[in-house]
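Next, two complexes with subunit A in common: one pairs it with subunit B, the other with subunit C.
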Partner chain A sequence: MATDTQATAPAHVDERAVVRHLKAGIVYAAIGVLLAAGALAFLGGDRETVFTLDRTLTDASWTLPTLPTVIAMAAVVAACGAWMLLGLRRGLFKLASAIAVAAIVFALISWSVSEPGMVFRAESILAGAVFLSLPFIFGALSGVVCERSGVINIGIEGQFLMGAFTGVLVANITGNVYAGMLGAMLAGALTTMLLAMLSTKYQVNQVVVGVILNLLALGFTSFMYDQLKKTEGYNSAYGVPSNALDGIGLGFLADIPLVGPVLFAQNIFVYVGLVAVFVVWFLLFRTRWGLRTRSVGEHPAAADSMGVAVNRLRFWNVTAAGLVSGFGGAFFTLANSLAFTKNMTAGLGFVALAVMIVGRWNPLGVLAGALIFGFASQMAEYLDVAGNSIVPGPFLQMLPYVVTLVVVAGLIGRAKAPAADGVPYNPGDK
Partner chain B sequence: MTTETATPTPEPPEAGERPDKRPPFMVLFGRYLTEANSVMVTVYSLLLAFLIGAILLIVSDETVRGTWSYFFSRPTDALEASWQVVSNSYRALFEGAILNFNTIDRMAAGTAEIGDLLRPISQTLTYATPLIFTGLAVGLAFRAGLFNIGAQGQMIFGMIGALIVGFSLNLPAILHLPLAVLAGAVAGAAFGAVPGVLKATTGAHEVISSIMLNNIAGLFLVWAIGTSFMHSETRSELVTKPVEDSASLPLLLGFVDDGLRVNLALLIGVAAAVFVWWLLSKSTFGYRIRAVGFNEHASSTAGMNIGRTYVTTMSVAGGLAGLAGAALTLGVGSGGITTNTALEYGFDGITVALLGRANPGGIIAAALLFGALKAGALDAQPDVPVDMSTLLQATIVLFIAAPALVKAILRLRAPRGGLVTLEAKGW
Partner chain C sequence: MRLELKGLTKKFGSFTADDDIDLTVEPGQIHAVLGENGAGKSTLMNMLYGILKPTSGEILIDDEPVAFSGPGDAIAAGIGMVHQHFKLVGPFSVADNVQLGREHTRGAGVLSARAARRAVLDVSEQYGLRLDPDAICEDLPVGVQQRVEIVKALSGPRTELLILDEPTAVLTPAEIGELLDIMRSLAEAGTSILFISHKLKEVQAVADTVTVIRRGKVVAELEPTASETEMASAMVGREVSLTVDKTPAEPGEPSLEISGLTVVGETGVKVLDGLDLTVRAGEIVGLAGVEGNGQTELARAVLGLIRPDAGTIAVDGRRVDRDSPAQRIERGLGYIPEDRARDGLINEFTVAENIVLNQYRDRPFAKGGVIDAAAIRRRAEESIAEFDIRTQGPAEPASSLSGGNQQKVVIAREFSRPRRLLVAAQPTRGVDVGATEFIHSRLVTERDTGTGVLLISSELDEIYALADRIAVIYNGRIVGEVGPDTPREVIGRLMVGAEPDGAETEAADSAAVADFDAESPAAPDTATTDDDANGGDRDH
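Up next is the complex of A and B:
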């Protein structure tokens, strides 16, 4: 649907780029000034921000005086804004934006962690950020595979719920957590198979059916939850080993400062997630299957004339994508060692869709986007638990949703979806 | 939007006009029954959904599953137990929603009054009331090609708006009540306009932005209830101040029994449906909505402002959802609102609009059906899981949205003019 606007977009690029610089410059300059003014007004001079490596080198800590740090960062932001206002080469715009955003984030973190008694535990927080990015990684990868083949998968939320529920159920029945993961994947695949069938064979509207499938998954899992809670032993918390690398003698990697706890002392979901990103990227961009999938999503008629069975490929791709999002659902129960509760995914399936857009339908972009969202969630959780007094808890919990809103509003016009995304293909219509 | 791909129904047999060439009535009727026209698709969707619900009830029940394990030695046990659990559950739903046969017996014995007999119906109407509003909110947006799944958030802001006016002002009822209702509509409209503005200016898809706004609204409500401005002065749990009596919606059946909760909001809902019908079919604005929904490019070429249509449609839709919030807040009586007051009326609005095929009349009928399901499921606890209603609703509308599936399952014939399907746009 968005193809028409995108076709005309290149003609406007030059003109719009200049306008954006002015707008962005004013915004950044204003943020810089506000930040400095706010810091001078509300931040006591005795505040300090402490950074520690809390898992490996427990003695190490760095202390920054908060007020000068925030003001310095505000100056950086304002300088970037001024630079944009005065004009800069177009290639440097992204760099300036990145510096400004990083400075804002650093300033806000320094400020919020400077409460007396609070410490920025770098390793725990970063490890937590990677962990919390997992649902976004799995959900968005599933979305990427579906949408690259031309089917909008708005039902990621529902696949999460089915995966979360089935994962813990199968793990309880079999007594084996890996069987639970397998069960979650199959449940996800069965859910997307319904979407695949409806969108290829019956050519129904994918957005409408996706939303209905979410409701159906919500109703089904909540219903089964109520039915099964009458008997013991179907929905008890069932966890995975906390560090999958412990057993295979790579423990020394976990002792590397910063990198170790973040990458090498995580549970198995993290490794599967990181590997999955590269596998999906390789499959999509380096194999024959990937080429066919992308062609089916961009121009199904052309693919058809080259002998690709469009609807069959779409059907199996969407079904296979369910394996990934179903596994992502198991994150909510198995990876966190939690029992299933009603609607426990709390809209994160939709955040995953936003991550997919941020990642521009590319697995590597998805990884970057997911890490940003994971970090935002982790910071919100950290500040919430630590009893931060500046921002009330509910507002911190809004953070991932607000970021999604901003990202989708700011990016979607410019991020380019596969051309045939969401358009049913009927060979007879050519 | 609903592309009402016109499905001409077979003409009823009329006497007089070449009767010899016309097949007899029963044949025509039989043909009508086996055709995938919109009426029969709706009927079959309901039947299939209740069938699936029955299967799930059987599969998920521990004792029934036990009897199936020795099905081959004593099949009657399994069949009997299955029949028991299904008929008991559906009977409980019916008794909670429409008519309880026990009450009739008790009335005959003189231990129950007419109010007790009317209670299930009153509950159904009470639960249907917000669904009428949220169903209209989703349905109206559908007609403009917008998929408004943000009715939940818009409704929550409507609740907050109505509540603030409801407890903070001191006015005679004749002014206070309309003002409080209006405040709910305005708050909902303002919140509803946001996805419209985002779509018009940035192209952000309304499904994602309105889902995010739902989450934001839910968390905002949690925060707002806890603030000293809104929190109840007498109670410690998370509940707000109650609205003044002058802003409370009067009960419709209060003269029969105080416990019958159906209130004036039901009539406001019917009025809103009539208004939406008028808006869509008689006004220029409605014409623009339908034109944009039917073909935005053609409408744009014809000189319509697509972006502005999105924004205004979403605000009107938000206002309707806000009315649902007002109906909830001003209808709870002496208690304030909690985080649970909203239930899932906003999300249910999606299923109501889909089942009602985005037509005001259909939406009222669908709201009554789903209100009955909700009333029944809540009343039948714990025998029937409370989410039975969500499950049935989702299954029903899955079939409604995919008529080709119903046609294939039941091997129905294709109607003239094709299947009626529902459309919403992709990215």
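Up next is the complex of A and C:
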């Protein structure tokens, strides 16, 4: 007995078969040609792109002639396009796309920092990219915990606002910025508790609840902001020491070229964020709680039949996820040493949702996705501040969102959500 | 374990799902519970497993009354359950599925993968259920998934009673044979088994006692030696005929010709792989095969719901592969979908509206784009009478009907316009014995009027009862076309992709278990009396 009944495997489409990708090939080839033509038309032959390590080895710099660099990158893009048009092995398509996208990005960076007097400050920009990726990390981690438990949390934006506001308020009242962080976490958790209760006990549509909670948080924090403006001392900027771990042994690490400024001379929020990524990953994939959480998000009836209390677990998970997104809210005020202003989160909570999907509901993927968005935001800011770039400033503000679209549509493709994501569970369901 | 149910009753509002059920399972006994869909079997098992709370009555384990507040309590009391719809988390490994809810940890809630793997191997060795603890469940064949479910049920702290709810519905004949062997050896080892089923042959093959439930009441206690007709009559409550009367077919011109049909699925697997099949007018071609070998895609491609990647489809000699489903229906294609709820009916619509769904645009049901409600009601009333649809009236929503009557609505609709070809996918799935009888006779009548019928069914019994010719599908290809009197084990071998001539020894082995009705050589000492009970009505 127990003979496996699959005598032969089903016929797969051959991974090594050569396939043509007409649309993608034409698009990439056209981008390559346009890039080269544009460079020839608008880039002077004397332009140079300078890369420096601006914090550790201030005299080190590398100079590339801009025009040949851009044209070489354009050639790479066009070659990838041609490769797709001629046909390539199925498994290599993603590789070709990734190479083409990387070449486009490198060409655009080279071009845009080639203005006279501009240099690419590698350490500042990368350190800033890590810092700016934080709201995405916290928001997406909160989303991962919720959706892995089977509850859609599109209220991250609202939790950010509540956390940002409460963080400053509590810091002002207590005079302690760390108390402010705790306050932000609790505010986030109280907000998600409402979502948790409505989606488990009352089985309300979770998307509707999330939208309403966002509007509620926006209205509430805006109203409170107006009220508190009248009195001094409730909404003053409070910040954390920007190099909080200085003096406890990271000093020499911070002097390592490139790695030092990016990883070892950062705001305390950065360390919390990076640790949180690995902690959530470990909890989800290596602990009893994680196994049960994932089972509840994939197949709640299976979990129920094994004695897991589905709705209770969902309730507490969603509530706990609010701690993370509330802390992410404190980024906007406390980490940036800013006072609260109306709608200061500017939709980043929604981008965090996109990061969660780009990261395929996995904390490590979330980290990678968040860094891409952080880098895009940082580049936009850098070029905008530098002021003399070829692209107007407001236009650059769109960059992170354009990157969202390109990455989600072009490279990630269809990501698979947990099977029971957003589906209320009724005991007795099949 | 000795399990006793006394006067167990479950009411949902005014509806009584189970009414005063008495039942006793002795230690080491296989106790079959037979009943039609909706008879209250699943409700009964859900009460036993703590998912539902009984309205009244009591459950006694070894003469002690017990009350379960959830499945956890039932597991702790020694009850394991294999659900009809597998409760496996697809992306999890076998070990993770088995340990869910009673995880092996190294303290502080950190999982120990090694202990979990060890535990699965221990149980699978103890009971001879071979499993790879690291395999991902959704990648496993259904039969192996069921083995995971059984190991899961046996992995409780002390499982002494196993509930198997319709365990054979999704299995191949070979897998069914294996399962019945496993059940026998478990029972020998002292485990009590409650076996829920509506498949009479299997019940005869393994059960020690049979309890028949109809409309929530125990209507008969039978010995497994009772004949199939006796059991079926007890289930339905009237005399039923299990054989279909039909004359030899008179095949005419081809009404469906499929050649080289290829459909590539989402994951790059060819779900249909150069499939060739011809159905002639006036014959029923039975398509046998384990579910998931391309039957669904074939039916949907013939109707036009999926566009094939290669190959042609011709109805009555004219190619239709570029036509929309509406145009194909216009050409005379009738279609009974396998998933009634998704493709067959609009649940919120009335019975009448569902009956004219394929011709509401035509006269006399619509004039100048305006629906003629009276004409539709007249047609619905005729169909309700003709097809014996049990409904309170044509204006009732389709969702209020039972599964069998919903299926009759689908059939009434498909039979209400002239057709040349009928594709019937799982036409009696979830339909009770009485309605099955009716649907089968209508399919034969249909054939006799000169329609080509493609019958797609995962029930070999149904194929044998109706088909004039049997085609076997495996991995998206037709691997054999045989006559209706071909022995079961030959088809069983074809269904799993083995050589039909049985040249390989492994194929011969699986054939031995495939035919579970015959005494299996692997378990010569079983206490069942299946051989004499079944000798009479075999097809070969």
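Observations on the structure shown:
Simple rule for what comes next: the second predicted complex is superposed on the first by the 397 of 430 C-alpha atoms of A that agree within 3 Å, B and C clash if a C-alpha of one lies under 4 Å from a C-alpha of the other, contacts with A are read in each partner's own complex, and residues count from 1 in each chain.
To be clear about the criterion, contacts are C-beta pairs under 8 Å (C-beta built on N, C-alpha and C of every residue); 3 or more make two chains touch, one makes a residue touch a chain.
Worth saying up front: this structure is predicted, and the values here are computed from it rather than measured.
Once chain A of one complex is fitted onto chain A of the other, the partner contacts of A:Leu228 are limited to subunit B, with no touch recorded for subunit C.
By the touch criterion defined above, A:Asp304 lies against subunit C but remains apart from subunit B after alignment on the C-alpha atoms of chain A. Applying the stated contact rule after C-alpha superposition, one finds that A:Arg288 touches subunit C and leaves subunit B untouched. A count of residues in subunit A touched by subunit B and by subunit C gives the higher number to B.
In the superposed pair of complexes, A:Val119 makes contact with neither subunit B nor subunit C. Shared-chain residue A:Leu218: touches subunit B; no touch with subunit C. Looking at the shared chain after the overlay, A:Met398 reaches subunit B, while subunit C stays out of its contact range. Shared interface residues of subunit A (contacting subunit B in one complex, subunit C in the other): 1-2, 4-5.
Only residues 1-2, 4-5, 152, 154, 198, 201-209, 211-213, 215-216, 218-220, 222-228, 230-231, 342, 346-347, 350-351, 353-354, 392-395, 397-398, 401-402, 404-405, 408-410, 412-413, 417, 421-423 of subunit A touch subunit B when the two sit together in their complex.
Residues 56, 60-62, 147, 149, 198, 202-205, 207-209, 211-216, 219-220, 222-223, 226, 297, 347, 350-351, 354, 382, 385-388, 390-395, 397-398, 401-402, 404-405, 408, 421-427 of subunit B are the ones that touch subunit A when the two sit in their complex. On the subunit C side of its complex with subunit A, the touching residues are 46, 49, 51-52, 70-72, 75, 81, 83, 85, 87-92, 96-97, 99-103, 105, 109-111, 128-130, 141, 143-144, 147, 152, 172, 174-175, 178, 181-182, 264, 268-271, 273, 290, 475-476, 496-498, 506, 509-510, 513, 522.
By the touch criterion stated above, subunit A contacts subunit C in their complex at residues 1-13, 15, 90, 286-292, 294-295, 298-299, 301-309, 419, 427-428, 430.
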